[in-house]
Structures are given as C-alpha cells and as structure tokens.
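Each of the next two complexes has subunit A plus one more chain, namely subunit B in the first and subunit C in the second.
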Partner chain A sequence: MILSRRRIAPLSNVGAWIGAVVLVMVVVIALVGPWLAPHSPDQPIAAPFTPPGSGHPLGTDFLGRDVLSRLLWGGRSVLLFAGAATTIAYAVGLAVGLLAGYSRSWIDPALMRSVDILLAFPALVFILLLAAALGTGIWSVLLATAVIQVPGIARIIRTATLEQSVRGFVEVAVLRGETTPSILRREILPNIAGPISADIGLRFTWSVILIASVNFLGLGLQPPAADWGVMVSENRGGLNLNPYAMLAPALILGALTVAINLVSDSLARRYR
Partner chain B sequence: MNVPPAILEVDDLKITTTSGDAILEEASLTLARGEILGVVGESGSGKSTLALAMLGYTRDGTRVERGSVRIDGTDLLQLPERERRRRRGRVASYVPQEPGQALNPSLRVGAAILDVIREHGAAVPGQVGRVLTAVHLPATKQFARRYPHELSGGQQQRVTIGMALSCQPPVIVFDEPTTGLDVITQAGIIEEIRRLRDERDAAMVYVSHDLAVVAALADRIMVVYAGRVVEHGRAAALVQTPRHPYTRGLIQSIPDPSRPRTLIPMRGTGAGVGQWPAGCPFEPRCPQRVDACATAVPPLEPAGDERSVRCIRWRDTPPVDLGDRLGGNPSKRSGGALLQVEDLLAVHRGADTVVAANGVTFAIGEQQCVALVGESGSGKTTVARAIIGLHRPEAGTIVFDGESLAGHARDRTATQRQRIQYVFQNPYDSLNPRQRIADALARPARLLRGLKGQQATDEVARLLDRVRLPQTIANRYPHQLSGGERQRVAIARALAARPDLLICDEITSALDVSVQAAILEVLDDLRSQLGLTILLITHDLGVVSAIADHVIVLQRGCILEAGPVMDILAQPTDAYTTQLIDAAPRMRIA
Partner chain C sequence: MSLAGVEHAGTAPPRAVERRRHHPVLRYAARRVAAGVLTLAVLSLLVFAATSVLPGDAASAILGKQAHGPQLQHLRAEMGLNHSIARQYGDWVGGLLHGNLGNSAAGYAAGGQVTVWSQISGKLANSAILALLAFLPIIAVSLLLGVVTALRATGWLDHVVSTLTLIPAALPEFVLGAVLLAVFFTWLNVLPPVSLIPPGANPLDYPSELVLPVLTLVGVSTGYAIRMIRAGMLDSLLSESVTMARLNGIRERRVVVRYAARNALAPSVQVFALIAQYLIGGILIVEYLYNYPGIGKELVDAVAIHDNLEVQSVTMLLATIYVAITIAADVVVMLLVPKLRTGGR
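What follows is the complex of A and B.
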C-alpha cells in the first residue's frame, strides 16, 4: 500500500546536468570555433542561399558566405556582448537594490524612483535614443542594453533584501557594530543568491535577444561581422532556399538560452 | 475497563520516509466519543505524523508501510484519495499549530468558515453565526467580515477550532493548538476544548510537546519517543507514577511556578529520523540502562491499571524526583546596579501609534537574573530592544555601569556594544543560514574582542564547550541542527563577546520542554561560572520560577509589580499577576 507522491528532485538534477553539458558545448564552440572554421566568415564561396553540399555542410547565406564558418565565428560576440551587458546591468542593479532595500531611509525612494524613470521607455526606443546620443556602434548598444535592465534587477534585489533585512541575524550583525557594506556582503547577499541565480539566466537571454534585434536594425555590429543574432535576422529571406542559414544560428541561440536557464534554475533551487 | 464503543481505531501503523527510514512504528490506539487522548513527544518524535495519519493524510516524502486507521469501522487508508479528502472535516477534522499561517490571509473569517461548510453540503442561514458562538466569538456581521490579521492569536485559533467543528465530525485532532500563545490565552483555549468535548461528544486527540498542558486536559496520555509509543495510560496516574524513564525525565524537566525548583534536564538529545539505535531508542539517554537495552527494541508491556510501558526495567523506575526547592537567599548575589532604566517611554509608530512602554523604571544588580514577564503585547520585548539599542525610545534614560546609553546601537561605543549581548527568541531566524557555525561564533570574537587566527579558532572550541555542544558542530550549517542546538549556538555567539549583561528574549519559547530545561541549566551555569548578569524576557512564569531572582510584571507597557521571585509567586499583590500564575499549566504531583 503506497499513498504518497514521489518527489521530483531527481528530474531537476537531470535537467541541470543536461543544461550544464549543453552550456559547456556552446561556450567551447564559441571560443575555439574560429580556429575550426573551414572558410573565412566574410568571403562568398558560392551563390547566395546554396543548400548544403560538399565543402559547405550547412550551405551558404544571403551573400554566398559559408554558414558553418560564420556559425563557428559568430558565438564570441554573443557571449562577449550579452555577457558584458548582463554583468554591467547586474553590477548596477545589485548595488541599487541592496542599498535601497537595506537603507530604510530617503535613500530607498530616491534610488528606486530614479531607476523607475527608465521603465517609461520601451527597451528598443531607449536603445535608439542612446545610440542617437552616443553614436551607433556595439558599445553604445551594450551600454543601453545594460542600463535598460537595471530597474527590473534593482526591484527584485530590493524586495529580496527587504525580506532579509528584518531577520534576526541581520539585527545581530547590527548589534555587533558591523558596517553596512559588511552586512550586505556577509549577511544579506548569500541569502538572496537564490532569486539572483534564477533571474540572471533570464537577463542574459534578454540581453542576447535585445542585442540581436539592435544588430538587425543596423545600429550595433556592422554587416560583415558574424554574430548568431545577426545571422538569424539577415537570412530570414532565404528560409525556403537554404533554411539552415537561419535555423542553425537560431537553434544554437535557443540551446544556449535554455541551457543557461536550466542551470540557473537548479542553482536557485539549491539556494533555497 | 468499561469500554464505550471506539470511534477511532489505529492498528499497528507504520509510516516511513520514501527512502525507507521509519518515522512511526507499531502505533495502535482506540478512542471513544467524549474522550480526549493526549499525544506527547518532542519534535521529530513522529507525533505530528501520527496526528495527520488519523485524517488519512501523509506528508510529501512519507508513506504508510502498514496498518490501518479506522473511523467508525471504515479504514481511511484503504479509501481512494478523493474519498479520504471528502471525509476530512466531516468525519475527522484538524486544528493546526499556527493559526496565523493556517488561515488564508485574504479570506474573511466568515467566508473561511462558510467554505468548510459548503465543502460538505449546503449552508444553512445563520450557520456561520452558530459556529462563532460555539467557540465563544462574537457572532456579529462585523466580526465575520474581519480578516485573520485583524484578530488576536487566541481569536485566530478559536476560528480554526470553529472551522474544525463546523461539520460536527466525530473525531477532532488538535496539533499543538496552543503553542505560541501566551498562558492566559492558552488556558482559555484549553477550557474551550474541554467544554466542547462535553457538549459535542466528540473523540479528541490533542498532540503537544508540553506534558503539563496535556495532563491538564486529557483523559489518557500516550508518550511517543523516536517513533514509538513508550508509555500509555490514564493521565493522572501516568503523571503521578511514570513507569518509563523518558516520561519521568519529561516530568522532571517541566517547571511549575507554584513550586519553584531547579529543573533536572535529561541527558543528550533525541535522535533524528534514520539515526535511531538498534535497541531501545531511549537507551543512549537512559539513566537506568543495562546492556540488554541496546540489543532489541523492548515490547510495549502491560503494566497494570490500564498502563502499558515499553521498557524492560519499568519496575525499577524510581519515583519522580522534583529536585531542590529553591527558596534560599537569592539576594546574596546582588552587587551594585549594573543597569538602570528610568522612565522609559517607547512607542511603535504606524497607522495608529501604540505606546509599548510607559514610565518603565527598574534596575538590575550585578550578577542578578531579572525576569521581565508579560503576555504578548505587554511591551516586554520593546523594553529589551530599547536596552540593546534596536528600538529608539521616545524618552527616559538607560544607564549601563554608570554610562548613559545612546538610543541606537550604532551610536554606542564598541565597548558598550560588547558588554551587552542579546539572544533572540527564534533560533531559526537569528542564525545566518549561509554561515558555518564556526564562522558565526568567530565573527563577534574577532570584531568585538580583536581575536585573530588561531586564537579565534580556539575560542570557538571553548564556546561550544561552554554551551555543551560537541566540537563537530563547528563545521555545520544551522539547518543541520535541531532547535535546541541552534539556540545553544545563539547563546555561544552572545558569549563570544564576553558580555557582562545577557538579554534573553523568550529564548526557550520555540523549544520543547525537555530542551528548555537543558538550556536553562546552561544559562544558570554560565551565571555562576562567568558572573553574568541576565535579563530574561518571558511569558512563562515556570521559566521564571526555575532561574530568576527578581521578577518584573508588565502589562500594556506599565510595570504592575516587581520584587523577589519567591515573594511574587507566593503572594502576588496584583490581580493580573495572580491570573498569570493561575493560568500556567501544571501537573498535580503529590
């Protein structure tokens, strides 16, 4: 006679392992890919949208360049720029959220209302504005992608911090005379690692998508550059001629984001 | 035994975790209408598992290995889940431990009761009012429209009891319904349950860690230890002449304000699920163990007079020894005043401002133990938080060793912060879950006393010794410890600063009574060994009687009376103090 329900823990572990393996594979492809590429990523080798054949296993793109070579080249910029944008966004959002959540004074509304102003802008419009102000180019896109994500991150961190800052062990630290930075780092940060690690994967995904769409608009990376996001957008026209030109980078981007979220979810569960 | 027909029969129930470790074994009992069975055990003993099984419910991660739970002849465990769910509330209902968490905060009281009634049939007009009346709550529209957070703890618990009664089930299970309530409210709820038993003619199971509460209420008592019933019998007789050494140990660790004495705690701590010894589960802690105890689990033997005991040496269990009566000369320890609080005024600002302390004036002499007593909302915690510097008072002075203290801890000197330490009520909240015990203990020693490297490591070892924790705990995280162990760590952390004054805020109220006795013993030893001065915040006069020299009774922010513990407990002059003493549950032991 068995009355109970089984726990789902083992399944989530399997998910985390799959995520970790895929993540490592994608990162390795992005890092060492350029040395493995059979052709140059910028030079046409056949007619545009040639289907797969010998010498070009994934066919060619809209300018007749080798899709496989561009795929092997195109990961670096995704990891670099999306990674950098997420890191900057988190560095700022974490600082704002921790301070606002812990301060319990005018600092909280002052910080939160000023980042809230950013919420008034749709992400793309904001990036366009910033690009107009700072000039086009990947660095202003990167900066804009980071800044536009700060309010969301700050909000999550602030709420999580508020919850922790009323707990007994934080009061104990105050009573010992710990400084605010030390309380934030030793008492609060380790205890909000759960929501942070759940959120960070999602933010990275958004960064990839935002940067890809801005690149598509021609504001970020300039045309000859190989980038998975750029490849998806520039080859959309040839979907029925050589579908691999668009599907291959789309698939690898999808695998990357799913893998990151699987890993970050399992980290979040571990921190509970 | 004149046997009325049993309504509830549990037979040879065994519940295990899904990984196969036993949580409860060989549990059998019968219960008739109009009878109250008390189930007593410490946390992890399997008592809540047993309580839930009586509703045909098992927690996630546990399963029923064998046995049956029959109510009115039907085995709940054989029914499909849907059927079992339909019977909960109608055939057997449950009153949970924390009403504040069990009531849906977004549901008005009336709606919550109506939900239960509708679940099991159509509602009749006026039925909600009748339920409220039954548990002595106002049966008005205004009351039914309140949200749980607008009720006091006692009122919330009355609502959950009302919900459990609403479909007139023949079996009602109470799972620690008064834990967390103050004594006067607790006495009210117990009176309520007793009255309902007489009116409703229902069979009731009352689960608690506190033998004194159960003894005041139950007809029969079942003592559970490490998943097994170790003693079972008539309530009065069981408390008077316990046959199992564990029952005896429990009785000796329970304080009684009408009989102040030094408590005698049991050795060691209860083993967790999966770590039970092969023989008698109590053997490692037992004062009357013999080699045979370690080889096999003893059977539950009949011991005459409707009693059964799971101990091969039950005939040798000595009578209850309540230890020395206190009553010596507590004032011998008083030196000069270490702390003086004068005219303290503290308020809580919010939607409506509440005065938490008004004109509070008292002094604590060096090496004294002073207890600040009152029910929840009396302002005792606010006074303590003002002294430590977590609540800025509106007016008044706090003088510590001749120096006037600033309102907030941040504005005080490092020495002042080091000399006064605070132990919080809830050890589940006051230890950082991400810090190893060694780090939690070393930090204050480094910061407040400037210890470095090896010195700090040695100090951690000494501190663990002081509070009688094994050294192996140093490398663990708080979640790997029991509540009692965590509270010892919290005390050790306060000691790491080498304080002169230790403020203990309800430090035993979240713990089992047997653990409480051990913690109080540690505290008493620290006082004599280190010359600590202690300010004890508590609602429990039993705790006061066991350890304090002086007592201060607070109500609504004002001091009602103050004086030596012996005088106040023996001859309270204030009506409220009398009420507090009378409400304390006690076992009548000749």
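What follows is the complex of A and C.
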C-alpha cells in the first residue's frame, strides 16, 4: 500500500473538542465547587469509609468526611499550584530563551549545558531532591516543578526565536534603531506566540501531574488539605469499604490531565 | 569527530593505518562516556550542595534541634561533619567511585553505622525485576502495534489505536493505579491491593503481587511507545529509499522487512531508552502506591524522614543509571546506522 503524507493527516478534531468540553467542566467544578459543597470539607459527617448513601452520594473518607464536598474543594489547589509553577517556569524560560535565541551570547551555551544536566534526572527525582534539601511541603514542590521545566521551555523559545531573528522585519527593526527589549516584545514575541500556546498547555499538564504525584507521595500538600492528589493517597486504606473515596479524586484528576493533553495536542499539530 | 578529522587530514599513510585501529564507534562511545562522566560530576556538586550545605547540619537533624554538647560533637566526628565542606564532598564522591554509597542517617539515628548499600541492595534488585517485567511487554506490544498501525495507517485499527493511546499517556501513574485497584481488588477481588513481599524474598515468587504494579507501568507508557514506533516506521515507509525499492520491483514483504523496518530500528532504540528512563521515575509512584519494597519507595521514605545522606547517594545512583541508558542507546544507534559514523563533519 502506498501512502502519501497528506492521507495520514491527523484524525478529526473530535478528540480535541471532547477534551475542551471536559476541561471546561473540570475547571468550573474546581473553581465554583466550594460554593456547591453540601458539607464542610473538614468536618466528619458519618463513620469513616461509609459507602455512598443519601446526603453523601460518594460516601465518606477515612475520617468520615464527605467525599463529594472534599472533591468540590480539592480542585482549587491543583489548578492554583500547577498554574503558579507553569507561570514561574514560563516567565523565566521565556526571558532566557528570547535572550539566548536573539543575542546568541554566553547565555546560549550556558542554557544548553544546564539542559543537559537537568536531563540527566527523572523530573520526579529532582523534585524529591529539592524537597529533601528545602524541607518537604508544597512550596519546595512548587519551586522544584518550576525549576525543572525552565531549561526545556527556554530551549523551545530559543529555537523559535532563532528562526525569527534572522527574518527581514527584525533586521529592519534593528536598522530603525529599536532597542533589544522592544524588538523582542514587538517583532519576535507575536510571531512565536502560536507554538508557545500549544507548549504552555503541555507544560501545564506536566505541572499538574508532577505536583499531584508529589502530593500523592505525601511530600507536598499536607493533610487535612482537601486536594485531589492527597485524597487518593489518604483513602487507600478504605478500598474494600468505600472505593469512591479514592476513585473519585483519581478520576477527576485523570479527566483534567487527559483533557488538557487532548486540547494542547491538537493545538501543537496545528503549529507544526 | 570533526576535530579528529582535521587533525589527521593530510598526514602520511602510516598514520592512516594507525587510525583504523580505533573503531569509530569505540571512539564515539569513549567520547559519550567522557561527556556523561562530566555531567555526573557537575550533578554530584548540585546534589551535594542541595543535601549537605543548605539546611544546617545532618547531625543536629538526627539528634533534634535542642541537641548540643559532647553528644553532638561525637556524632559530628563520627559522621565526618567536622571536616571542611570540600573534604566532605571529596570523601563522598571518592566513596561513590569505589562503590561505597556511605552510611545512612537513619542508621546513625539508631546509634550505629548502617551502610546505604545494605539498605538498598535488595530493594534495587526488586525494582530491577519490576522494571524489567514492565519493560518487556512494553517493547513487545509497542513494536507489534506500532508497526502494524504504520503498515495499515488510516485503517480502522490505526484509528482505534491512535485514539486510545492518547489517553493513558497523560495519566498520572497513581490515577491509573487507583482505577486498577478498584477494578481488580474491590470489585473483582482477584488481586491484592498491596505487595506484601518480605525482605530478602524474590518478588518473582509472588506473581499476583506483581501484576498490578506491572500493569500500571505498562498502561501508562505503552501508548506513548506505540505512537513513537508508528511515527518512526511511517517515516521510514514514506522515505525515498522505500519508494525506490518498490519501483525496482522488490517484493513488498522484503521491502517492509529489509528496507523500512531496518531504517526504523534506530528511532525505536531511542524510544525504548526513553521508556527505560521513564520507568525510573514511574517506579517511584508505583512502588509507593502498592507498597512494593523497591528503590523508589526507599527514596520516598528517605525524603520523608530527611535521611539526606541516603537521598544524595540514591539520587546519584539513579542519575548514573539514567545517563548510562542515554549513552548505551546512542552507541547502539551508532552501531545500527553506519551512516552516522562518517556523518556530522
């Protein structure tokens, strides 16, 4: 069978649309959930690991707290910390990548070497190392999640910038006497915004997965925080009594990461 | 390689004969190993700085903040903390180079010297077994489905597989693990929720304890592997050499096996190296989830109890394996693709 490249074009955008709908739903749940919660996320309402029943449709957790209420509360921290880590990583990575790609000064080799070093590590091991150094807790995890992503982001921005910086309109801007910051902001940034938007989505997925994983390991957010990752971990003991205490936060977290991935995957294909 | 080329350009014939003695792949491997050692050296500085310099003192961490006087002095001397930072670093790296990972802080806390190696050797073997048991099915399934979907690209199987493989790649391991636990333990009740493998026992003697950890690792990473193998095979099938072979009237079977598959081998090796590296991070979560007595759970526990002496050595050990996999894959690719040996000048 002879194939042409055109015929193997990406599948339809159905996946991306499903992803977008799920993503909006999960984000809405995470943001407005606390106002909808029928119970307090911290107060026990029944015996531990009570199976689903009237008044508590997902049952109770290991301390007898309402799983549904904790689920509705637990999305904020996921979005907040992953969003913060991605923002910090992107702010630094963007600045370094733009400078490295445009000026091609000492920053460039320094960037490439630091990428090499950080690539010699599983990301999770790096986060654990920083947690060991700075003390466990969400702030070390947030910092580590941001730091581990900076070199990768910077390298992508650098490549995109390098491509743009040899274009005619950049040369014209230089001849006009524009300053470097203004060239970067007005000539280069708008032209690399497309590929960046797809990359931000992938990085955000990565941040969600990493931070949720460390929270699950018990080295990030600490109980009694209502957080989807923490909830999965703390309710492992009740699998045969009320599996939904563990399953519900796991499923909504999975829905979130898969949905972002579907959306950014289709964005990434558009700019390839 | 470019430097070597310049150096030998225009030299007399005897030099050229001498040059042949060093196989180009060997030279490439040596250079990659040297670069890897350099990376690890810089990494060791970072790891040491993170675990030893930043948060005060390991001895007072063991004895508690209020500890002082002779007890603290004694422990500091025993742990070698009286030496300068440079000397401590030198002792640690020197030990690592001799295969000595040092003593664990938990051991000092218990009042004796417990080597990190004695703590982790059994667990390292358990993790290796788990990783290998996951690695083999990932290779088999991804090669099979990757090649078949590439050969029948745009067929129904391709559509189904392409859609299905998008989902698990973005799942955290513990999310898939939670679903598997609910299905196979809570509802079907056929597999145990935790891996109760006694210390020193061979995990292979406990097959039902291994199923869920292996299934989780396979489930999370196979989708990615299939997609990458498919992409590599497709690239190869669409290349001009394959078109040329077809135009020459070579039988399709032979075209696929001798021309397309062979060219897709090199990218596949890189994919499997990535999978092997992924497994090092993946076992952290999976071992913790199922209480599997491996190196990943050991590291998480060491971080939780602030045993930084163990954390730094285990981290370096994992990083060394990680870098070794990268180098091994690059060298294998070099062996598989003769073109690369002369290219790149």
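In this section, the second predicted complex is superposed on the first by the 216 of 272 C-alpha atoms of A that agree within 3 Å, B and C clash if a C-alpha of one lies under 4 Å from a C-alpha of the other, contacts with A are read in each partner's own complex, and residues count from 1 in each chain.
Following the convention adopted for this analysis, a residue touches a chain if its C-beta (ideal position, glycine included) is under 8 Å from a C-beta of that chain, and two chains touch if they have at least 3 such contacts.
Please read all numbers here as calculations on a predicted model, not as lab measurements.
Using the contact criterion defined above for the overlaid structures, shared-chain residue A:D116 touches subunit C, although it does not reach subunit B. In the superposed model, A:F62 makes contact with neither subunit B nor subunit C. Applying the stated contact rule after C-alpha superposition, one finds that A:T136 touches subunit C and leaves subunit B untouched. Within the superposed three-chain model, A:G168 lies in touch with subunit B and out of touch with subunit C [touch as defined at top]. Touch counts on subunit A: comparing subunit C and subunit B, the chain ahead is C. Once both structures are placed on chain A, subunit A residues 1-3, 5, 7 are touched by subunit B and, in the other complex, by subunit C.
Listing the residues of subunit A that touch subunit B in their complex gives 1-7, 167-169, 171-172, 174-178, 186-187, 190-191, 193.
The part of subunit A that touches subunit C in the complex is made up of residues 1-3, 5, 7-8, 11, 15, 116-117, 120-125, 128-136, 205, 209, 212-213, 216-219, 229, 232-233, 236, 239-240, 243, 246-247, 250-251, 253-254, 257-258, 260-262, 265. Within the complex, the subunit C residues that touch subunit A are 39-40, 42-43, 46-47, 50-51, 54-55, 151-154, 159, 162-163, 166-167, 169-176, 178-179, 181-182, 185-187, 193, 234, 237-238, 246, 277-278, 280-281, 284-285, 288-289, 299-300, 302-304, 306, 308, 311, 315, 318-319, 322-323, 326.
Note for the complex: subunit B touches subunit A at residues 18, 58, 60-66, 77-78, 81, 388-390, 409-410, 414, 417, 421-422, 424, 426, 429-435, 443-444, 447-448, 493, 497.
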